[in-house]
Every structure is written in structure tokens, then in C-alpha cells.
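So, here's a batch of structures to check.
One chain, chain A, appears in both complexes that follow, with chain B as partner in the first and chain C in the second.
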Partner chain A sequence: MSSNNDSNGSRRTFLKGTAALAAGLAIAPGVRLLGVAKAKPDNEAVTSIVRWGMLIDTTKCSECEVCVEACHAENGIKDQGDPATTPQWIRKLMARDSLTGHVVTLPMMCQHCENPPCADVCPTGASFRRADGIVLVDRHICIGCRYCMMACPYKARSFEHINVTDQAPHAPRGKGTVEACTMCVHRVDKDQQPACVDACNERGHGAMVFGDLKDPESEISQELVRYGGTQIRADLGLNTGIRYRGI
Partner chain B sequence: MAKSKIKYLAIEGLPKGYLIILGVLGLLALVGVLSAHHMETEGHIVTGMNNQIVWGLPHVFAVFLIVAASGALNIASISSVFKRSLYKPMARLSGIVAIALLVGGLMVLVLDLGRPDRLLVTITHVNPKSIFTWNILLYSGFIGIVAVYLWTMMERKMNAYSRPVGIAAFIWRLVLTTGTGSIFGFLVARQGYDAAILAPMFIALSFAYGLAIFLLVLFAAYSFTGRELGDKVVTRLTNLMGVFISAALFFVVVYHLTNLYATEHHAWEAFILLGKNGGGPYATAFWLVQILIGSLIPLAMIFSGYALKSRKLVGLMAALVIIGGFGQMYATIIGGQAFPLVLFPGAEITSSFYDGVAGTYSPSIWEFLLGLGGVSLSLAVIAFAVKILPFLPESLADTIVDPHHSD
Partner chain C sequence: MRSLFRLVIHAGLTVALGLPALATAEVPFPDIPRGKGDKCVAPTDVIRQTHMDLLLHKRDQTMHQGIRTKQYSLRECLNCHVQAKEDGSYPDIHSKEHFCNACHSYAAVTIDCFQCHVPRPDDAANK
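Moving on to the complex of A and B:
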């Protein structure tokens, strides 16, 4: 009996182990899918399960322009000679407190608002917010009215004043239409980070963290929980996807 | 009573100079279209507009014409809605001037788009939340409703419907100008805009601009055709102008007083009123053009009785109001954009993208020619309409018009 009991016990243990292994094997890919690979497959629509965002730590941001250079290189934006008309998808901004003299430097771009004023005013819906929070311009139906540029509180948008040649295939742009930071949607959809974030990390600053604001386990969410983050023009209630620290 | 006395006549034959006037206006309109074509081919780089001042001189012209269009309909509204019989003979002209100004304004607005070739996209892709979408409906609806209104006035069988259609057109025009004012009023992020008062202010301004253009058209038409225009009509319209300018000034004063009370708007007010931090051109446009030339001098001319000493002075007064209107649009549209966005209140901001500094703008000849083309198209439409259809009363002599109210 006792041997029987022993064999029963070892069988039970074996079965338990096998079940656990099977369960682990079954769940593990799913865990990986949910935990790491957030980008949608190409044949699936974007969902609001994720909300892409960025946290920018201004205390780590120096006066370098590496994020600007990376963005413009990635998206094929070239200097057109006149800074007043050359598109700037991202720019370095320096804010000096008038009273204390405290200086903050930070990258400024489309803040990917949850309630974007640009999309509100756009007559054709060319300015729109993707379900995952990325605000884009559909260059095929933009009529070039520039009302979105009037409405954007962040001056994040540029109008294309000249014929554009030699474009980056993943970032089509066109004379007479409006453009802005896409949060490198072409990279994000391939599980990569925006070019500015990668460049900042490669330079060793690590001032920009990209990730899913809806995933409590993501680095960006963890950082936001721990240290908080500020929206620029939070008074407007736009619930921006770009948050800042140290401002 | 008065109705039976009024005879409307199209311009008969081809008076000397008519074809020249129409030809010149048509040519200027064509030049405007060609300028827009140049802007579209080369890109907006050939304009003075940039990523700071995204709406330039074409918008100044377009918004002025559209606002004036709604105001020009007032003469007809006063006749149909408020039953003032003195205005009745001029109601047809009021309607066609309103349509013509709107058509000219829309021409400028549409041709200034980055992609005017995509205009039809506004029909196939509609964002119902956009004020522009509302305005597309309001503008096209205005042309339609005023056309029907003219039909009810000009077709004897339809006369019975002229009042209800007139009331509908009056309400429509009020909503339209509210929509135009709200293009700016709803822009929450800009210090110079973001104010509900801009909508009624634009309505009051439209009264003055529309009447000023109507007066000049009336003078030109009657002097050109040699028809009689009596003092009663001119006196009444001139005095009405005094009321309209005063109403517009009231809203302008309240707008600035409200801003002056709120500390957050002090920098904007210093910019637009005192010309601080690069606001010089806009403060000049405001004080010199909008307030002095466009409001105070005309008011003084009207209320002192000086303007009524001669038709030329009334015409001058109306021209000053129009000049003031352009100054107001310049200060509002360009000045409002030139003032930098407030990203960090209490901080001085610098960047490679002109943050924290006033935007600069020098309009190019192409923009001016496009705007002038719109004005010319408006005037050409009026000149053509009064030639082919009976818009103008044969006479507006004192004995013809009925100075008494119908009530």
C-alpha cells in the first residue's frame, strides 16, 4: 500500500509539474505579447488598449540637439534655408523663469493630446487621433487651411511651403499641407521607439522615456507613478501624451 | 402704398464706361486667380506667410468681405423684418451686394488654401465638430437663402413669402457672423482670441462694414446711371452708420477692458495696445486705422453733421469705415497670431522656432493681388447683376421713398 501510495504521490507530483509546465508554455507567449510586444500586427486595426506617450526628464536634458537631428533625419526633413518656413517637427526650447532665473531646456513637439484642438477644428478630419493616442495628419485629405496650426497650443505643426523632394518613404509630406511629429508611428508599429528617444539614449542622456501609459508595468508608467509628470498647458485639459519632469 | 411707386430697372443699353468698368474688374479678378495659381505652383513660400503667421493678407481680405457680406444684408432685413418702408426700395440691392461680397470673400479664402484643388474633400470628408465645417454650411446656405429672398422680392407671385424668407435670412446672417467670429473666439490657446465676445463684436462690425460698402455701391450706381438719390435715404443711412460704429466700438472697448482686468492677458494687451514686444505694427493698425480712421473720425463726421454737408463727405466717411475695417482685421488676424503662445507663464522662452517672440510678417504682392481679386470679383458681380436684372429702383428721390414707419 505504502509503495502504491508513494507511486501515487510521485505521479501526482509529476502531473502537477507537467500541468504547470504546459500552463507556463501556454501562457508565456501571451505574457510576452502583453508585456513587451505592444505594437499591433500590420493586419490588425489600432486599438485603445495601449496609449503611447513619452516622459521627458528635463533635468537630464542638456542643450544638445540630438533629438531634433534624429527626428529630422528619420523623417526626411531638410533645412529649407528660412527658419521661419522650414518645418520643425521637434525643437529645443529654453524657458527661463523671469523671477528666479532658473533655466529649463526641453524638447517640444506634438503633445499627442487626448482631446487635440487640431482635430477639433480640422474641417475634413485630416487631423485625427489614432486609437492608441498618436495624433496624425492624413496628408491625403488635408486641404491646407492651417486652422489646426491656429488651434495648436504648442505650435507643434508646420506648413509645407515648398515642393518637397527626396522624401522618406515612411513619412510622406507634401507642399500645401500641414505636418507634425508622428511619434515615429512607422517605428512604433514595428515595436521600435521614436527616433528622438533612441538618439537621446544613445547619447547617454536618457532624458526621454517612451512607452504605454496604460500599462502599469511599463517603464514610463512606473516612472510617472514614482516621480510624477507635468503637462504643458495642463489648464487646457487636453490630457497630453507627452509628460515632463523638472518643469 | 410705397410699393406701387417703386419701379426697378436694370441698366439699359450699354452706358459709356460700363464695359470698361466690368472689364477692369474682371481683369483684376483674373489677376487674383493667377496670383493664387502662382502661390499654389510655387508654394506659400512666395507669400509672406510662415509657420508663425499662418493666415496672412488673404484672410484679412476674405474675412472682411465675408463679415461685410452679412452686414450688407441689413438694409433688406430692416425692411422685411423690422418693416421700415424707407429701406424697402434698397432691399434688392442689399441682397445682391451681400451675395457678391460673400462670393468674393470665398474666392480669396478658397484660393489661399494650401490645396485648393482638394476643396471637394470638404464635402466627402466632414468633421462636424469643426467651426470651418459649420461655416462651409453657413456660407453656402447664405448664398442660397439670400437668392431665394431676392426671388421672393423680385417675383410678384412670390412677394407674399418675402417677409418669412427675410426673417430666415436675417437669422441666418446673425448665425453666420457668429460662426465667423467664433473661428477666432474658439481658439483656446491664443491670448488675443479665446473670447466669446468676438462673435457679437464681429456682428456689430459687420453692420458697419456692410453698410459702408452698401453706401458706396449705392452712390456709385446712382451717379453712374444718373438716377436720383434723395437726401432722406442718404441721411437715414448715414445716421444708421453712426449707430453701427458706436455699437462696434462698445464691443471693442468691453473686449479690451475684460482683458485689461485679467492679469494673464496683460502681456497681450500691452502688445496690441501699446505695441510692446514687437506689437508695434498691430498697435498702429488698432489705434490709428481701426479706432481713429475707422471709428472716431467717421463718428465725429456723422454726429457733428459735417458728413451730411455733401455726398462726397458721406462717401469719404464710408471709405474711412472700410479702411478701418481692414485695419481691424489686420490687428485681429495678424496681431492675434503674432503674439507668441504662452507655453510657460512667467518664463522667458527662446527656441529655433520663434517661441517667445512676436511673429513677423511682410505680405507679398501675390497675397495682395489675390485679395484685390476677391474685392474685384465682388464688385464685378454687383455691376453685372444690376445690368441684367432690375435691382436698382428707377429713383430713390425723397418723394418716392416713404419715410414713415409702417407701424
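Moving on to the complex of A and C:
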């Protein structure tokens, strides 16, 4: 885990640019600035006016697994008895500094990169990045080759090895395809937060903030401006949508 | 006596004209389960002929653009057309009692939607 000041610097410049753009929009007739971060109507396509992201404060993250449980309950992922094959959309990691003994725990999942290596290597176009920054697998065209699993620096993807029944209606999953965190895209499209974020807040930890990285007024942008955030493996230049603090 | 007469006629036709005896070779039309509501999102003949194209188009819109309108959504098909049986359970996707499979087994067309999608309405998805 390393931080990259250059990338944070370019991010700030980028945010300034976005703020200027937003100010420009506000004076244009018929464009409501307030509408930018709100959920879109059902019949409109997602746009790159928003970029969904998450900020995870590891100093508030304890050793509980409530985010993992909430994710798996929301998306109908069940224990298949074998940890080698059970899908894992989110997992808890623990890192210990051998010199100081300082322990950090954090949830690790798809980092929703701006330049996703999974989409780069996908031979069918099944791995893709939605306009609003959410990286998904279109399992209608996934052939299960698993190149994306090898390309992902975060080991965020899983292969479904067995026939699946009783899926959640909003989260279709089936044998022979690759799957990963969808940032609860079905909830995000309804103006709700991902299940892990809600669960963390309900437990009272409040370690996860979800929001629009391009909206300078959003909580996540405000926190990032004030305290900064770290990308894991920032050296790869992927510009992840998930940022961490305290690592 | 009368049925024997018909059999002879059919056999005669088959031999004489090389045609199959129509009455005896007929495959029963599938018993399509009734959905709820008065009418479908499009006329029946349109749906019968183009439902696969409509679903495919909607699938890509939803997956890649996040368009989540209800018309032509597979979930909404299931919400109306798959209803609980008398004992409260929902028909298995492989049985002819399931709306989709009733026709698809008749037409011998294999569908793979339900390798991933749950074949029950939203409110009964995990029953």
C-alpha cells in the first residue's frame, strides 16, 4: 500500500476543473446544478457528469465483518463450503506494520478504476466501465476466460464454479461467469447507497462514505479535499473510485 | 364402429396421398398459464414474435446504460406471468407449468436466461 502525492495533486486540479464546469452549467439556461448528484430518471442513461466513489476511513474500521455480511446478503452470495470457490465480492484485510505493530483493517473490493485493467484485457467486452464510473461484468457476453481475474491488481473478482439457484432478483449470477462488486448498482440507480455502506453506518462505525466524486459539494468530495485519501497501488495509475484513509 | 371407420379413412389417406393423418398426429397446444393484470405491455402477436428482440434490447440498455424502465424488463415479465400455484409454491423453470417454459418446450427452443436470473417474481424470489 502506498500513497501517491502526484495523483492526489492531479485529482485536486481535476476537482477544481469540475467545479469550474459545474459553475458554468449553473449559469446555462435550463440546467439545474442541484440535479447533478441526484438519481436520474429510470428512462435516462447514466452519464459521466457523476462519478461514484467511496472513501473508507480505516481508523474507524474495526475487525467486524458487517460490510461483508451485508454485501453477501444483498447480492445473494452463499457459502459454497469451499473457500477456494465461494465467490467473494468484498473481503476484510488486515495489515500489520512489523516495526510498530500498528494494525489496520480494511474492506477490499473492486476499486472501480477509471482505467480498469480488467476491461483492457477482456476479449469480449464483457468487462466494462459504466459512464458513471462503476465497473461491471456483462455476464450475457462473459465467456468465463478469467483474464480479468488475473489482470485485477486487487484480486477483486470471483469465478462462479457451480450452478446457482435462488439468486437475488436484482443480482443475477450464474455458473461459468466472472463476478465482482457492482457498487450495488441496482441501489445506486434508485438513489440509494451500497449495502456495505448502509450496514457500516447502521453498526455505528461510519467508516465508509459513498458519493459523487465529481460533485464538489458531496460529502465524499468535501472529506477528500479536507483530509485527502489514498489509492491502493496508486503507482499503477488506475485512478480508483475507492479511496482509503489511515493506511 | 365409427372410430374404426375413421382409422380406415386416415390410413387410406396416408397411403394414398402420402400425408400424415392430421387428427392423430396433432401435438396438443401448450396450456399457457394466465398472468395477472388485463393486458400485456404490447399486443400478444407482437410479443409472441418479437419478445426475444425486445428483451435483448432492454438487457443491453439496462446493463450498460442503467436504464431501468419497466416495459420489456425480464423482471416485469416474471412479476406478471409467473404466479403461485394452489399450494403457494412457484412453478419450476424446467416444468411446463412455468410460463416461459410452457411455450419454449413446445417450440423446442432452449433459453438460458434462467441460468442466472431467478425464474420467480420479485416478491417470491427466495421462496
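Note that the second predicted complex is superposed on the first by the 211 of 247 C-alpha atoms of A that agree within 3 Å, B and C clash if a C-alpha of one lies under 4 Å from a C-alpha of the other, contacts with A are read in each partner's own complex, and residues count from 1 in each chain.
One rule holds for everything that comes next: a residue touches a chain if its C-beta (ideal position, glycine included) is under 8 Å from a C-beta of that chain, and two chains touch if they have at least 3 such contacts.
Everything numeric here is computed off the predicted structure, so don't read it as measured data.
Participant: Using the overlay on chain A, decide if chain B and chain C clash or can fit next to each other.
Facilitator: Superposition result for chain B and chain C: fit.
Participant: Considering only touches as defined above, state whether A:Ala70 meets chain B (first), chain C (second), both or neither.
Facilitator: neither
Participant: Just to be sure I read the superposition right, which of the two partners does A:Lys175 touch: chain B = first, chain C = second, or both, or neither?
Facilitator: A:Lys175 sits against chain B and chain C alike.
Participant: Name the chain, either chain B or chain C, that contacts more residues of chain A.
Facilitator: Comparing touch counts on chain A for chain B and chain C gives B.
Participant: First (chain B), second (chain C), both or neither: which does A:Ile247 touch?
Facilitator: first
Participant: Is A:Lys40 touching the first partner chain B, the second partner chain C, both, or neither of them?
Facilitator: The answer is second: A:Lys40 touches chain C but not chain B.
Participant: Check the residue A:Cys118 against both partner chains and state whether it touches chain B (first), chain C (second), both, or neither.
Facilitator: After superposition on chain A, A:Cys118 lies in contact with neither partner.
Participant: Which holds for A:Asp189: it touches chain B only (first), chain C only (second), both, or neither?
Facilitator: Touch status of A:Asp189: second partner only.
Participant: Have a look at where A:Ala207 lands relative to chain B and chain C in the superposition and call it first, second, both or neither.
Facilitator: Touch status of A:Ala207: no partner.
Participant: Just to confirm the value: shortest Cα separation between chain B and chain C in the superposed three-chain model, in whole Å.
Facilitator: Minimum over all C-alpha pairs of chain B and chain C: 11 Å.
Participant: Kindly list the residues of chain A that each of chain B and chain C touches, one partner per complex.
Facilitator: 163, 175, 177
Participant: Mind pulling up the chain A residues that touch chain C in the complex?
Facilitator: Interface residues on chain A, with respect to chain C: 40, 42-46, 76, 128, 130-132, 136, 138-140, 163-169, 172-175, 177, 185-186, 189.
Participant: So in the complex, the part of chain B that touches chain A is made up of which residues?
Facilitator: That would be residues 40, 42-45, 49-52, 54-55, 113-116, 118-119, 121-122, 125-127, 129-133, 136, 183, 186-190, 337, 341, 343-344, 346-355, 360 of chain B.
Participant: In their complex, what parts of chain C are in touch with chain A?
Facilitator: Those in contact with chain A are residues 59-61, 63-70, 75, 115-118, 120, 122, 125-126.
Participant: Provide the residue numbers of chain A that touch chain B in the complex, in ascending order.
Facilitator: Contacts found on chain A: 80, 82-85, 87-88, 91-99, 104, 108, 117, 119-126, 141-147, 149-155, 157-163, 175-178, 232-233, 236, 247.
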